[in-house]
Amino acid sequence: METPTQMYWTGLSPDDAREALVNKDKSMRDKTMTLKEAVARFIRDGDNVGVGGFVNIRQPIAITHEMVRHGFRDLTLSWQSAGLAADYLAGAMMVDESRFSIKRIELAYWAHESFGLSPMFRYLAESGKIELEDWSNYNMSARFKAGAMGLPFLPTRSPVAGDIPSSNRTRIIICPFTGRKIALVPASNPNVAIIHVNAADKYGNCTIRGTDATCPEIAMASAHTIVTCEELVDHEVTANHPKDVGIPFPAVDAVVHVPFGAYPGACRRHYYFNGDHIRRFHAATAPMHKGGASDDLKSYYDEYIFGVETFDDFIQKFPAEKLMADQAAESLNCERPA
Amino acid sequence: METPTQMYWTGLSPDDAREALVNKDKSMRDKTMTLKEAVARFIRDGDNVGVGGFVNIRQPIAITHEMVRHGFRDLTLSWQSAGLAADYLAGAMMVDESRFSIKRIELAYWAHESFGLSPMFRYLAESGKIELEDWSNYNMSARFKAGAMGLPFLPTRSPVAGDIPSSNRTRIIICPFTGRKIALVPASNPNVAIIHVNAADKYGNCTIRGTDATCPEIAMASAHTIVTCEELVDHEVTANHPKDVGIPFPAVDAVVHVPFGAYPGACRRHYYFNGDHIRRFHAATAPMHKGGASDDLKSYYDEYIFGVETFDDFIQKFPAEKLMADQAAESLNCERPA
Amino acid sequence: MTASKNYTAQEIIVVAGSKILEDRKIVFVGTGLPMVATLLAKLTHAPGLIPVFEAGAIGPPLSVGLPISVGDSKTFTGASYVKGLNAAFEMTQRGYADFGFIGGAEIDMYGNLNSTMIGHYPDGYQKPAVRLPGSGGASDMAASCERTILIVPHDKRKFKEQLSYVTSPGHLDGSPNARYNAGLQGKGPYRLITTRGIFDFEEKTGRMRLISVFPGETVESIQAATGFELLTAKELTPFPPPTNEELRLIREEIDPAGVFVKK
Amino acid sequence: MTASKNYTAQEIIVVAGSKILEDRKIVFVGTGLPMVATLLAKLTHAPGLIPVFEAGAIGPPLSVGLPISVGDSKTFTGASYVKGLNAAFEMTQRGYADFGFIGGAEIDMYGNLNSTMIGHYPDGYQKPAVRLPGSGGASDMAASCERTILIVPHDKRKFKEQLSYVTSPGHLDGSPNARYNAGLQGKGPYRLITTRGIFDFEEKTGRMRLISVFPGETVESIQAATGFELLTAKELTPFPPPTNEELRLIREEIDPAGVFVKK
């Protein structure tokens, strides 16, 4: 615990992250483009990808589908708590490792709360196919925050004890002010952030409803940020409710209008979970857990991801009745007039 | 720079601040009271008082007037950039040190931007009457933030060089992750925060327009918080625009409805600066700078502070025409329908 | 309110959890049974209880029903303060959470919990026998809530002398001031609720101590389901079965769909 | 656009400052002349310039007129992002500010600035001869903006071999990598604008170097008003007087009340 392993950075080091931002075009310009274009332009093999959302809330599902279609190798994935976005990327690796592969995961949690464990996580971890680095939710949130603040680390009090600090690059020091132990967690500056939001203007100012999760921090920490939004709105709309803007335009590189972009997960004010489809997706991994082939999972990907051109085509596979029911369920959650 | 003075805490130490909060009643209850009651109940001689607002924007002027009427001794005052709130407390000391006294100031800036220097600051500092600890704006903001986060310190990159770090309790360390120098600034956990906001509900949820300054951090860092508000609103109003709520109710101990509570400074959406009165107040210190008596300043205090019962009486001393003109000027600043 | 005999293990856990919560305090609520216990407490003896969720909702009334995720829209509607994870954990680290609920797949006698992996740590860390979800916010709550309430189903496989991995620190090795010396905040595990009874932790040793026995269990039956030696309080109180009204609230008002409390 | 001879020292400073700013870049704006220079740049060659203010406004259009404070309501109306001081400085520390304007009461040959006190530091710190306002955000901008533009009225009393106090670090002692080694970010002082001319800082030595001379000044007159030896660029360009259109913009459009640019 007191003798951590040699320091290394995944994604960008603090100095490189600063340099990348200094040299980036931070101007207020139209950043709208297609998802295909955004993914091809801002993600590279070997990148550290920061994943927005929280468990199955406002996860960047559309972006992960497009990433799978594009194909990437040796990614590092970083998040605090993830569900479906992680599953879609991991499932692609289970289907065809030569086409899509994850090298490493820096995480606090990968499962689905009331929808159960992630069979993808269990499969990849228990077969030793991915490098793991465990942190706590606050650790990962603070790491992104440190990255967003231009700092090499933040101090945290949790968890300074137990086995998490020795699973990762935490350094425990004696606080020079109090004499008590305190943890320092190193910044995370991903190469690219993938984030879904409620609304954005063409410049990239993002309105977030309900949980901010750690999306603002991931966007500000990353060298580039791809944003999908339920609603693409006029700049005047975002500027009129400025405290609702969670991510400011200079942090964003691509804005893509993708309604239902977090589906079958949930998105506040737009739609609640489609638990049936989450379970159906998970069920496709069952044969592989028994040592069987990937045929079922491959069929799922062939039907829902490789078999469609865009995420909109994926959404069109759901009956309108179901989509509207999930929207209606969310209306009840929000208790507000339309 | 590398061998800082022995550590000491002003206000509460991190451990004491935690203990105080753990033992405090954090329930959701009606916290409205009079300003007299709030000041008498939550401020003590010798306290470290965290001052909200920024220069002359949304400073807690009404609270400082009541503090002066009450009388306190040996206060420590902490802020990033202050104007009139600092002046009113300091002027009281210049008028009668036995009735009101400041022992120490932890600050980044004390002046008035376009309204010039603070004659109170110059007088007290140049006569050696107060202990000074200089920081930068970000230092003080980060110190309150550390206090609000329950941390003993935050790292900052500014200013790790120059004379500021040796003027205060900054410790410069070698970052264990990068090998570069970085500053650690100790938390500030004041005994009490004094803050003016745009709107609050009776529980203490505070809506802030325009700059948050460092008000949320000061409130969350302090053992107790007194809030004055331009508008006292129903809880439903604050809860309907939750991202506008900058300070949550558990951080607040007293809510006082004080329209014009930051006047003659400015408050977004409510009123712009009354520069004439700021200059008139400052002019009352002129004889003291020439080694003369405090009669002019005493007259000012006798008329505007000691001569009135409440802050509302102070406001009534301004012609309605002037108050309305300052409100009208602010309407033009905000470019929005009523 | 007559006692019912038709209740499940999850139902008595929920009732026990709700009774430990105090009115007008702040409780950091994790997913699952803690949500149900919090709602039950608010509907019974603790209407002024203030829930906090790690995704960033402070003080929601939970008037739109039982959330199925801690980041769920239902946790945000009507909340006083709506931010993200950093804000929720910063407040907890500061001392705003009087109580926190934590679960785990394994527990030891000091209330340390494992929710990361089954296998050998550190050698088998990169290829665990069973990979669990990971800490999520549990280790943060364990580190910084003032008092934690642990919930673990009670069987010998889960109540272990030695955990595979310590995710959420409890009383550590039970030594004096162990938590403070390690840099942790808060008093640590306050109560443990299992499927068999309720426990506290002896102040001097930090060790798990049986204080209340659920209907149908005895000191012996509980010890037999535990992989280490249990302490037992001098005055052991039997825990009453849930009342019909409590069961009605759980089954009809709080979790009618059986999302967390299976029927 | 014919040249005018009727302009003030403040006006030529504003014009010089605006010309150094680049279109589509982010500038961290301090109170006073930097606000006027930023507005002038936006109205002339840099309509896409993005102002940031330390009180927490990112990218306001400044369409409601000249602010008189960096926390002024006028800096917030129409802004894209509205937070507080921590957010503004965190973004700057991260690298979001391409330029920052800083002033001071004293400057040395390396672009270090004093805005804290006149007197002896540290002995006289607690009872200074003259107490100045203090750093405010100046030392933070000096530490973390990518390039800083300094503005100091030019006279011997202010251009000193040795400062009373270093508030805002510039090129420190001018040694190679001095800023990086001290832990600072960004390239430091990029240009200095005075009442007499424009300066850069020699890369190798970090020393102040005259690059452009204002009308009516010479290398000699400027050196005579400077308390240390100035470097001079090989090709010294005379700075043209403000145009009538520039003066009209300043006097009629930007600061008609003469809040910062005295008439």
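The letters A, B, C and D name the chains in turn, as written, and every chain counts its residues from 1.
Note that a contact is a pair of C-beta atoms (placed from the backbone, for glycine too) under 8 Å apart; a residue touches a chain by one contact, two chains touch by 3 or more.
What you see is a predicted model; the values in this text were computed from it and never measured.
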Chain located farthest away, centre of chain D as origin (C-alpha): C
Whole-Å gap separating chain B and chain C, where each centre is the average of the chain's CA atoms: 40
Chain B and chain D, separation of their C-alpha mean positions in angstrom: 28
Rounded Å distance, chain C centre to chain D centre (Cα mean): 57
Junction residues of chain A - those touching two or more other chains: 150-151, 156-157, 180, 182, 243, 246
Of all residues in chain D, the ones touching two or more other chains: 76, 78, 82, 93, 144, 185
Pairwise touch network: line, ring, star, complete, or other: other
Touching pairs among all chains present in the structure: A-B, A-C, A-D, B-C, B-D
Chain D-touching residues of chain A, taken from the complex the two chains share: 17-19, 21-22, 25-29, 148-151, 203, 205, 220-221, 235, 238-239, 242-243, 245, 248-250
Footprint of chain B on chain C - complex, ascending: 24-26, 48, 50, 58-59, 76, 78-82, 90-96, 98, 144, 146, 185-186
Parts of chain D lying in touch with chain B, wherever the complex brings them together: 31-32, 54-57, 63-65, 68-74, 76-78, 82-87, 89, 93, 112, 116, 121-122, 125-140, 142-144, 165-169, 172, 179-185, 259-260
Residues on chain A engaged by chain B in the complex (per definition of touch): 7, 13-15, 150-157, 169, 171, 173, 175-178, 180, 182, 184, 186-187, 240-241, 243-244, 246, 336
Sites on chain B touched by chain D in the complex: 54-57, 80-81, 107-111, 113-114, 117-118, 121-122, 125-128, 131-132, 134-139, 141-142, 145, 156-164, 166-167, 172, 180-183, 209-217, 266, 268-269, 272-273, 330, 332-335
